[in-house]
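Naming follows writing order (A, B and C), and every chain is counted from residue 1.
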């Protein structure tokens, strides 16, 4: 796949093959879900998981370049609002608004990130946090168009049915396609250049990798997909309100990525799935649910800094140490 | 100028001064944490909120005098700062992602705990100071003046502490060059803990006062952190001068603009002003050259 | 042909002149040594040439083109490569990946080609892989190609830095303290590698403390306090009392 340097038959190639097969199986299982369950609520949770997986994965893509975009949820909101407003107030087909939302988010992202592309990580984090707040407030302030703090309702949706099943399949397809694109980019020269810049902008510059160009590129791609996620959200959820896209939402995206595993492409997928699906088991606790979630966060972060994806590796290393000791 | 206008102007100025001093106390604490430990304390808002609620609970449920309540809140939260340095910040220094996760964990726990514990909607801590100060036609509530002077006094104290005391000097050393400070035998962990205590104490104090000046909600931390964010971005993260200067600007705009334009427009204008300045100086007015 | 011409290059940091009024001309194929005590301004000069920092005044002309103040990646594209004194590589990449990532300029795949994984892109990547392995063999790092760069011993890391710089096929190579911290074997290997690179026609400017490097230079410039003190052949420099004074202070024997 891509430009991965793996000779046939090598362990690297076999690992890739196992991963591909694993994902294929996963997709098949996911495709069967609507046939297994009739519960509209379960489908709802899965749909949200899909949407936020795109958002989290796109955020991680930007993070590989060394900058944490803390305005990301606001861009999702931008996509959601553009999609909602265009289809509700201007009668544009919801399908078209999805693309427009993605492109608009991408455009704004490129425009805003340009002056700040060379900022060091911590400063970029704060400035982008600020821009996220600003963007959301800008959206809120266009009250006539966007309904201010209460948001928009009754957005025409992609499918004229109360059933969630078509949404599920469409979003599953979109998620798979988005993730494949993000993956291909990451293993291409572009992805490697982003990781190079993250490690040393000096060395990167000295071999001709333009820090600004690649960081803006990362933001462009990341914002495109999160704008798409926003459009998907608006078209499925029928209502959008600013509180879904505030700073806390962005920080939760960071959590999905970090808990899953920042250094692995599957990290955001696992993290989002875990933090959407697991709470379903204890949502019966009503107001105490957030405490369990917080406990999970603390547990993972104190025990597995590299995220859940690192657990298999840790177990293997542990086993090997035990085996090594027993042969002595 | 009509009498009403004068009163309005004076009221606005006083309001601006009070707000500015509170924002500055918060932004200062945040800046300390950033300079000394390299931490972006996303939980700063809930610390402020918890300080406000502890003071409120003590003053209303336990019946303690508000000032004493505030003092106790400051002490409790200040001590919590030691806990935070050791268990929340130290394990994750330098890693923004992990810090975000723990901070959100803390925010989630505290905000929800308070939400559950206070089912009523609006809470206000009883006034700290009663009475009105009258000069000519101008009347200002004593409380506002007192708050402002407390804010100012603390600010001066903190600045003196940093510049004149041995611990303050150590803090500046660590802020400039952590490795060098270690080599000089400075106990970096101790300095960091002290910074945390100061930052948390200032936040708790501001929270306690604001609990009376405004009101209390579990989300008051998030609201005020937006203001603090504006100050940090405008003034330049890490710069004390920036905090002072930008704090004054933001507080003033915050108090004066709502008179002239609507609430949301105020925010929009402020954001716009800051963004324009950022386009010329991405690192903020007083920020160091942080372009990589 | 004059490869690079520096005139009046000056850089102030606050009130301190790190580099002031530097005039240097280097001809094609030369090996120029830049020596001087710590703080003399040598690394600053490199950073000024390669666009890492902007000069306060002065001009840098490369192959007849004014490159003063251009950004580092543009300088690299024009054919100037460099190594770094500290942190000369991508620590979390493997040794091989370090070199592969350095093949950014020749050949260059466009963003579109990369994005769509076109045959052009795949051909370029295959070529780059092949060339990277060749370079690693050249500098003697082939056996550690799949190891993480940050785990390599200091000498290897420095050689990797040179390998990286060569990947952009530069016409002018700036080496920042290439043999600092190396043991005598590594020093000999590195000097050999530099000689070979020079034979390929690459113009080299190298910064060093170690006087041993002088033997491979055509010309040497001595810097101190941001200024050019002396310029001449290696032999002339070795015997020059001014140089000795700059390194050791006055009042010392000329023999060392």
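FYI, contacts are C-beta pairs under 8 Å (C-beta built on N, C-alpha and C of every residue); 3 or more make two chains touch, one makes a residue touch a chain.
Please read these numbers as outputs of a predicted model, since none were measured by experiment.
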Based on which chains touch which, is the overall arrangement a line, ring, star, complete graph, or other? line
State the chain with the largest centre-to-centre distance from subunit B, centres being mean CA positions. C
Taking each chain's centre as the mean of its CA atoms, subunit B sits from subunit C at a distance in Å of 48
For subunit A versus subunit C, what separation do you get between their C-alpha means, in angstrom? 41
Using mean CA coordinates as chain centres, what's the gap between subunit A and subunit B in Å? 32
Subunit A residues touching 2+ other chains are 211
Two or more partner chains touched - positions in subunit C: none
Residues of subunit A that touch subunit C when the two form their complex: 2-3, 5, 184-185, 188-190, 192-193, 195-196, 199-200, 202-211, 213, 217
Show which residues of subunit C lie in contact with subunit A when the two form their complex. 50-52, 71-74, 76-77, 81-82, 84, 87-93, 96-97, 100-105, 109, 111, 114-115, 117, 121-122, 125, 129, 164-165, 167-168
In the complex with subunit B, residue positions of subunit A that touch it: 63, 68, 115-116, 118-123, 125-127, 129-131, 133-134, 137-138, 140-141, 143, 148, 201, 211, 247-248, 251-252, 254-255, 257-259, 262, 287, 290-291, 293-294, 297-298, 300-302, 305
Contact residues on subunit B for subunit A in the complex? 34, 38, 40, 42, 91-92, 95-98, 100-109, 112, 115-116, 222, 226, 229-230, 232-233, 237, 264-265, 267-268, 271, 274-275, 278-279, 282-283, 287, 290-292
